[in-house]
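Chain lettering (A, B and C) follows the sequence in which the chains are written, and residue indices restart at 1 in each chain.
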Amino acid sequence: MDSISLVGTVSIIVAGLTIAIGSIGPALGEGRALSEALNAMAQQPDEADTITRTLFVGLAMVESTAIYCFVISLIIVFANPFWDFVIQNAAP
Amino acid sequence: MDSISLVGTVSIIVAGLTIAIGSIGPALGEGRALSEALNAMAQQPDEADTITRTLFVGLAMVESTAIYCFVISLIIVFANPFWDFVIQNAAP
Amino acid sequence: MDSISLVGTVSIIVAGLTIAIGSIGPALGEGRALSEALNAMAQQPDEADTITRTLFVGLAMVESTAIYCFVISLIIVFANPFWDFVIQNAAP
């Protein structure tokens, strides 16, 4: 029962901390890019379409790093191979 | 009963810390983007519609990182597979 | 009785820390956006209505990250599944 407790506990801790820490960087980066894009649109209103298109493609790239953390968190919770092995072998 | 206490305790701690830490980045990023949007509207009042539209789509992207943390917190509290396993196997 | 003490104690601590830590980011972000809004209204008094409307919708987005922390704190206090399980099984 000891390895089950240990693996389960660590899985919960890491799943939460992964997305918690992993969301700080993307959110700050997206906020910075968005603020600068709005500033650029105020300086050059005629180029608003180009700025908006570039902004959204760039935000999707930044957002992908947050999605990586989200996917890893979900994998650790719902498709954890270490947990699967431990619960199969530790309950004879 | 020991593993139940351990997994339950850790689940509560991680669920709280995930959304607590995960809300810092998105809130600061959204605040920065919003402040710059208002500054841009003061510079170019004629482009207020374009700036507002771009701002809200961008804020939704930033907000999504906070929603990821919220989803993981709710999963850890209400749909935790480790907790489900522990309470099924530790109550003979 | 030991697991009841542990889960109850941790629930109280985490419920407080979640909203305490989680309120730092939204408060700073909203304060920054509000200060810039007042600055923008001083630059363009004619656009005060547009700036105010955009400010309040944006503040609601920032506020939502604080509401997530508030919801998790309330869940930990009033709808804690770990606590419910512990008090049902530890009182034979």
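Just so we're on the same page, a residue touches a chain if its C-beta (ideal position, glycine included) is under 8 Å from a C-beta of that chain, and two chains touch if they have at least 3 such contacts.
Note that the structure is predicted; figures quoted are calculated from it, not measured.
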{"item": "Contact graph of the chains (line, ring, star, complete, other)", "value": "line"}
{"item": "Interface residue identity across copies chain A, chain B - same or different by half", "value": "different"}
{"item": "Chain A and chain C, separation of their C-alpha mean positions in angstrom", "value": "20"}
{"item": "Approximate Å spacing (C-alpha centroids) for the pair chain A, chain B", "value": "10"}
{"item": "Contacts with 2+ other chains: residues of chain A", "value": "none"}
{"item": "Chain B residues within the chain A interface of the complex", "value": "2-3, 6-7, 10-11, 14-15, 17-22, 24-26, 28-33, 35-37, 39-41, 43-44, 46-47, 50-51, 54-55, 57-59, 61-62, 64-66, 68-69, 71-73, 75-76, 80-82, 85-86, 89-90"}
{"item": "Footprint of chain B on chain A - complex, ascending", "value": "1, 4-5, 8-9, 11-13, 15-17, 19-21, 23-32, 34-39, 41-43, 45, 48, 52, 55-56, 59-60, 63, 66-67, 69-70, 73-74, 77-78, 83, 87, 91"}
